[in-house]
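Presented sequentially are two complexes of chain A, the first with chain B as partner and the second with chain C.
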Partner chain A sequence: METSSSLSFLLTLPLIGVLIAWVMPKAVQRLYAIFGSALILALTVYETSGLLFAKSADLAKTFVVDQKLSWVPEIGFSLSLRLDSVSAWFVVLNTLVALVAFSLRGVWYRKYPRLFTSFGFFLVFALNAAFLSTDLITFYLAYEAVFIPMIFMVGIWGENQKAASVLRFFIMSFLGSILMLVSIFYLVYLNHEASGVYSAQITDLIHFTATQDPVKLCWPFMGFFAAFAIKVPLVPFHGWLKDVYTNAPMPGTIWMSGILSKLGVIGMIRFVLPLFPQTAAMHQGWLVTLAAISIVYAALLAIRSNDGKSLLAYSSISHLGFVMLGIFSLKSNGITAAILLSVGHTLVSALLFFLYHQVEERQAELNLESPHGLAPLYPVLFVSLFVSVLASVSLPGTLNFGGEFLVLLNAYPVSALCTILSGLGVILGAVYMLKFYQQLGLGSDAQKPTSSGVITKDIGAYDLVLVLMLLSVIVYGGLQPAMFLKGN
Partner chain B sequence: MIDHLDVMMPWALLSGGILITLLVSVIRVDTKRPAQISAVITLLATLISCLGLLQVPAETVFSGIVEISPLTHFILALFSAIGILFILGGDRYLNKEGLHLSDYYHLLLILILGASALTCSKDLVVTFISLEVMSLPAYTLTGFRRNDSRSNEAAIKYYILGGAIGAVFLLGTSFMFGATGSTNLNTIFTWSQSGHSDMVIFGMGHLLILIAFMFKVAAAPFHFWKPDVYEGAPTPVTGIMATVVTTAAFVTLVRLIHIVDFNNPSWATYAVTVKHVIRWMAALSLIVGSAVIITQKNLKRMLAYSSISHTGYLLLGVLGSLGKGEEIQSVMIYLFGYTLMTSGIFALMSQSEPKADTGIELIDLTGLMKRSPIQTMLWSIFFFSMAGMPFTVGFFTKYFVFMSSIGSGETPLVVLAALCTVVSAYAYMRPIALMVMRDADPTAANWNSGFWSQIVAVAAAAGVVFLGVMPNAMIQYLKGIPLIH
Partner chain C sequence: MNNTLIILLPLLGFFINGVWHLIASSKGKKVSPFASGTIATLAMAGSFALALTQFLKLRAMPVESRLIEETLFQWMKLGGLSVDFALRFDSLSAVFTLVITGVGTLIHLYSVGYMSDEENIAKYFSYLNFFCFMMLNLVLGATLPHVFLGWEGVGLASYLLIGFWYKEMPNVLAGQKAFIMNRIGDLGFLIAMFIGFKFAGTLDLLEIQKAVLSPHVVTVFGLLIFFACTGKSAQIPLFTWLPDAMAGPTPVSALIHAATMVTSGIYLLARLNPIIAASDIVLSTIAIVGGLTALVAAIIACFQSDLKKVLAYSTVSQLGFMFMACGVGAFQVGVFHVMTHAFFKALLFLAAGSVIHALHGEQNIFEMGGLRKKLPLTFITFTAGWAAILGLPPFSGFFSKDEIIYETLVSHHGNKIIFGLAIISAALTAFYMTRLYLLVFFGNARMDKKKFDHAHESPWVMGAPLAVLATLSLVGGWFGAPVSLDHGAAEVSEISPHLIMFVSVVIATLGAGLAFFKYSKNTKVEKTTDVFGIDRIYGVAFGRGLQKLSSGAAKYVEEWVVQRIIQVSAALVDLSGNMIKVLQVGSAQAYLMMIVLAVVAIFAWFFLGAGIYGNF
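The block that comes next holds the complex of A and B.
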């Protein structure tokens, strides 16, 4: 066990980052953001290394850190943080995604750059708080706080119909989270009736719900489920996603698909399943069906997309469908596979959006209706893109392969039909991702744009290092999935 | 009676200050500055003497018709502070609109006196008198923009409806007097602790009184006056009404509801009736407030509907506390948080410089980010707080009312309130979207932050954020001053 104060730095460092952004000159904001997030990443990896690289689950357990800071004792609020082998992955990914998002060049470093950097660091703070929190109220607060920078990020640096899309995003997510809030209040109240103390601690509430009739817990379960199903999203709740992904500035898109969607994943793993194990088992049938529908339906939508960003957005839903399928298998192996797959999805989607942005910077009018033939002009960029596409279609030897395979393996005993349908999703994934690469990279009539202001060089050394770093994690994880499979 | 002068000091100071201000405004008709200074000094003196008396225990004075308690001192201190802030912050606005008359100041002081007297009253007759002392300046101030037909219309509407509702209150009082033989709240409470044959008459009187105050707090279906009055009144006056009048009326409403001993089994049937009335009014206020707010284009009307939906949340807190004394603090915490964010938002609103102030539309906020990032941040903080987002005081205010009404088995209503929160959150996000995402409209109003109004707005925003992160002191303090005994 480590000392109890060692977790707060995961929250305070990003907040310090927010403050420093306001004293840094505007011209060096990108440099500052990259160095700042890299520093936080290094410290986070150092802090979590015991958990991440432990040889066995038992060994990993010795590195679990619990920390409880009193916040509003009058009403039983506390800041309870827990770093275990689940949250360790997400906090590391969180800063990694921030590093990728900060590395992009664009309008956000020309217009209000300080605001952008401080929003970015604030996101890191709020997401870390959400991933580490074991108190439902603080989790809710952090979960909700993520909206604030996100709304502004889309609003200030977004494109096209940004106002409509960000309002839709906000309203849908807020609807889900407020239903969750009422469910939290309801559980806290029932627990107060039974035990006499106000506590939103997940451990206390798990003890309480274990004694309750699962049918009675149906409504609170639905409240939580609504919040996370909208956040992930599962298919009937995905209406907000496409517009806001395509209209958001690229860093915003990377944040949303890479890490905001994982809030739904961790919510399901950390809160829904432990709180309502029997209720979830009662509803398993349609939960698994929804996940399977998400996989296939989103894949079909992706095939029909003619815009790179929306194709990647739909592919994100499809992959997260696998994650949900793994979680709804309600087996610990399935959940572990889901975590493995969500790590893979975060890395791959951050990488794909990052590279797609690089392509966009070089060719203004991109659509997937006709081939662009850009690969010969920018060989390094397109080789990276091709490897990322392969990682996305779960080629054996990448993280996603292990994840999807194990998810399907664990889902089969639950519902053979849904598993077969989902397996179809893997094939459809190959269809749209290869189409994506083919239309961008292949074809014959490519010419370097001559107009000024457009980048004509291949990607630079820094970008390449970043890409290689992400790819090496993906490939290493594909070859050594045991590192991710220590159970939780 | 002179022996109570020590605890009554703030009221004595305020009343004396009103006379001096009135005198000053008569002597120096040509300039408003002396009256303004006199009003500020009066409120400052009141504020300081209130702060000095915050620890004094509750006691009844004037043969039991008035009760002075830490709560009433706190409320008067709050009102004086709001008064000072709005007098200083409204200065530029009044000059700009050509409304700067010295009468403004003593009317404002009388309004504050009436509102604070309302919260001290322990007798229905005193309640009525204080209500009128509060309302008459409110009617006058609403019609203060004499040359604007909307302001005139609003004042007349407010006056007629307010007069009618005063009659309803008196009718209720006479019923209750008929049933109990007293107008003193303590005597009525003692009376209600045993069963009686006059309970129906009493119940009718009680409901009439409650309805009178439901009108004052603009709970649907008695909300029709509010948008017109908000729109017609000069902006600082609207701000004062939204904070001072609402708080005073709500505190009194809570006190008047609890003059019946709901824990007594003989009142069980009546308790169900009262709960039904409040439940339906809360639901209606929430639905009307949050459904209509999204259709509003005028900023002041939008805030009027917002205040109607806040009334709904407050009634949720009242409902949750029925018969359970300690839970009622949720209402006080809500009122305090609401007062804070409303003061800030009206201070910001008085900074606009269009041709006529009725015309502040949402459109006038477009592109504010380009023109003034600081103002955009302030507006956003207040709108986020109104929507109940975390790290603003708005979250905690909602937390308490939701918790207390879930605790009394009102879960369906809380779910409805939660859904209404989402709907109204859309309305609060829309102006933010306009400020941040659009380029400035050439027809949009200019926003010029005056020194004082900016101070008020910044202070309120800092308070909203600070109490959203560190609400401990607020919760502890407000839990320590009971609304009802």
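The block that comes next holds the complex of A and C.
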């Protein structure tokens, strides 16, 4: 593991993936995408293994890689990247999510398949860049770059009202980005005023903001906060989410809920808290309140959803509320727990959307108003779905339990009331997730569909291997969360 | 190693039967009930044998150091929190482990006969083994999170088994109700852990008892733990799921909803007894809630016409007795009653199952009658269970129930109100059990003749467990409480235990006599009456309330707040768009395309360049 090569490698590999997609025949795009992303995943795990599997936090520190490339030195812009035990998990998850998304069959492999695969690999690249950057300008560019393939995905392969949902998604995200960009420029400018150097390096800016009056930093804090709160999203900035999630093609939904949401998470952890520790502490009261409201409110919306995809979308917001609660505890243990839960959330939401897609392939008209009784027809698929549902309701022994438990444990001393309120989310989670599973799997005697073109077999061997891989990480992580708890 | 094997055997059984079920059902084949049942039963029997050897090992140790601990691995470690995955076998765990594995083995065996016609038999046995695995974690876990793992795990098993016949949606919904009401209680458990960690700095069950906590913290902690217990052990206010849980197969009702899972609450209180007993508020809350539950459930039981529902309400009521015992500080008496109740209630359920089996699914006691000649073994064993629950000497229930009644009066946490609740509930217990007993086994046969003629005694796999449990219901109380915990030691009192014994036997006889008077001749059909309508009130308050809240959120907040935010964002974006019009090429997409191309070019230049020349 050479120091700087591993970083350039994490960025160049997916770009090569984009290029190869255009020379591959259309017919083998799915195969190519799966093999390509699996290869990148294997190499990424290998390159980051020192960080991922280090026995202790101190040992992990010796594997941290920093790389700084001067870009426009006159104005202080440089490209700086850092691979540490936090970003290591996110880059691995990023590739894993791509593998899951690429594995789905659907219209995206029939209509412009090359475009789809190259968008996918581009997303891997841009997200890796965002997770690794320690320079605000680099981060901003990567952050924006993620957005573009996403918009196109909804636009090209989306369902029903794609135009309206794209517009909302665009407006909200764009607003967040603009506010963040203005805040970045403002900080860079103030820092220049004070020190005479132009720099967007996070380390330089942290030094600078530490000397500033926290009240004065309120506006840039809000700018960053708004961008990430929209991205996660936190209630009430979630207005774009439901339509985009439900109208996006399934791979797009998996990308958004699995890993795009983590841009907001990493943004809060990497930038908002280190840049504005005192400002955040000043506002902690409403930050934790917002997180708690997110949890409960999104859960309430999930309860009345009769569409599987929007139920899972709201459930995703609710669980991300727990992640935010951990971060806003402003304690390193709470943040570490939030990272653990992020890993769990990524795996579980990718898994749930993946399996839901499998169910949809077998029964076209799905609504959760009445029981479908599909479980006896596809026993293996539904056992997988049920175990994923259990992980989603954070049953002890799953990664998500470790995450939620440790988040709440660390949030309790900060705000007992918000922790108890968030705890209601645990109950409501069981209400809607059981409904989700029961209405799909249980109840009336279902018949296999007879029309042609519909899958009538149980889950395929490849899909099952993928599902088992994700589930084993979830269960192993549930019993050995120490691996994910090496601090930030 | 033995502790670990105790929990691993049922886990192994779960995996074998689970995988077998999946493979068989994918191929559309059937699993042999005998083979599947044998695996599951052997797993439990092995576990029981191991528990017995551990128990004997424990007995050989000096009293103060009776503890066998095994640490498997470190589970969670973050900051000051360190949670090991460890199993502790001490005298309290021993009682529960022996009951779980012992009664568990019998019920597994019984299931081989009872469920022999079932299609998904391997699934059934895998769930049953899974339940035992989780239940053993609950009673052997060394830390609160480990107990919680078992606590939620048994809830899951209960959900799966209540809704085992999942093609009927009411069964599924009964399971869902159980799971969710349990989760409401679990929130209390979670918050108790947060408080415990905040103030005691540990979640280890032994260490947390040594921590010095302020009285205020102790009270809140104790009340939260007790709230968790009301969910799992079906006490007021969270008891309404247990009668619905009867939707599951009868052996499940016997194992989970009578003998083991529902007594988890007593286990937890007994385990934490130094903290629980440190607060008078907590103790009296437990005693009052337990007493009221015992009374309310006993009253409801008198108005039920479904055989299993009577037994379900009876379980709720008996659990109330156990909580009363804990509430007056007599924890070991509560545990004693857990044990005797496990014997006689499991017996009553299994005997009821035998009746239902003989009548091909009939559960209405007004459609029964005269079965004593048709089902002699069931009748004799049921009689033993009946005598035990009434508290007739020398049956086991007599010893434990009598001690509870005695403690409610003489313990210095007890008082006349608790005593009164206990006595009235005991009388009602005698009444509804005798009513049930007479309606099922005596009088004329009220079902149609064909059904009556077809009724036949169950096979030996069902008969043998009945006989063993009947024996235990008789002798199970003779040796007294198998565990001794502090705070229960009865004060020297002027009231003679013999007097109380006499009173409670008289009370039981009165209740039984009243039932005899009413039901020995007259068998007018009674419909089940919803006496208090608690279920209906909950349905309106929570079921519909939640729906209202949910649609209110969607209707008002989403439209008025969330949509506004989008509109404001749109306006802001429009504004900023006008400001940077200079850069605008025409369409948003073209603009975005410019960004992406620029980004790609820059990154590609840097990294491909870096890769090729390596000159940075």
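As a convention for this text, the second predicted complex is superposed on the first by the 485 of 488 C-alpha atoms of A that agree within 3 Å, B and C clash if a C-alpha of one lies under 4 Å from a C-alpha of the other, contacts with A are read in each partner's own complex, and residues count from 1 in each chain.
Operating definition for what follows: a residue touches a chain if its C-beta (ideal position, glycine included) is under 8 Å from a C-beta of that chain, and two chains touch if they have at least 3 such contacts.
Note that the structure is a prediction, hence the values are computed from the model and not measured.
Once the two complexes are overlaid on the shared chain, A:481 sits against chain C while remaining clear of chain B. In the superposition on chain A, A:405 makes contact with chain C only, while chain B stays out of contact range.
Legend: residue contacts after superposition of the two complexes on their common chain; A:438 is shown touching chain C, with no touch to chain B. By the touch criterion stated above, A:140 is placed in contact with chain B alone, chain C being left untouched.
When the shared chain is aligned, chain B and chain C each come close enough to touch A:174.
Once the two complexes are laid over each other on the shared chain, residue contacts for A:426 go to chain C alone; chain B is not touched. Touched residues of chain A were counted for both chain B and chain C, and C has more of them. In the superposition on chain A, contact of A:151 is made with both chain B and chain C. By the touch criterion defined above, A:379 lies against chain C but remains apart from chain B after alignment on the C-alpha atoms of chain A. On chain A, the surface patch touched by chain B in one complex and by chain C in the other comprises residues 141-142, 144-145, 147-148, 151, 170-171, 174-175, 178.
Partner chain A is touched in their complex by these residues of chain B: 369, 373, 384, 389-391, 395, 399, 402-403, 406-407, 411, 414-415, 418-419, 421-422, 425-426, 429-430, 432-434, 436-438, 471-472, 475-476, 479. Residues 72-75, 112, 115, 140-142, 144-145, 147-148, 151-152, 155-156, 158, 162-163, 166-167, 170-171, 174-175, 178-179, 181-182, 185-186, 188-189, 192 of chain A are the ones that touch chain B when the two sit in their complex. Partner chain C is touched in their complex by these residues of chain A: 4-5, 8, 11-12, 15, 69, 71, 79, 122, 125-126, 129, 141-142, 144-145, 147-148, 151, 168, 170-172, 174-175, 178, 235-240, 297, 300-301, 303-304, 332-333, 336-337, 371, 373, 375-376, 379-380, 383, 390, 395-397, 402, 405-406, 408-410, 412-413, 416, 419-420, 423-424, 426-427, 430-431, 434-435, 438, 441-445, 458, 479-482, 485.
Touching chain A in their complex are the following residues of chain C: 21-22, 25-26, 73-79, 81, 85, 145, 148-149, 152-153, 156, 159, 163, 166-167, 169, 172, 176, 179-180, 183-184, 186-187, 190-191, 193-195, 197-198, 546-547, 549-551, 553-554, 557-558, 561-563, 565-566, 569-570, 572-573, 576, 588-589, 592-593, 595-596, 599-600, 602-604, 606-608, 610-611, 616.
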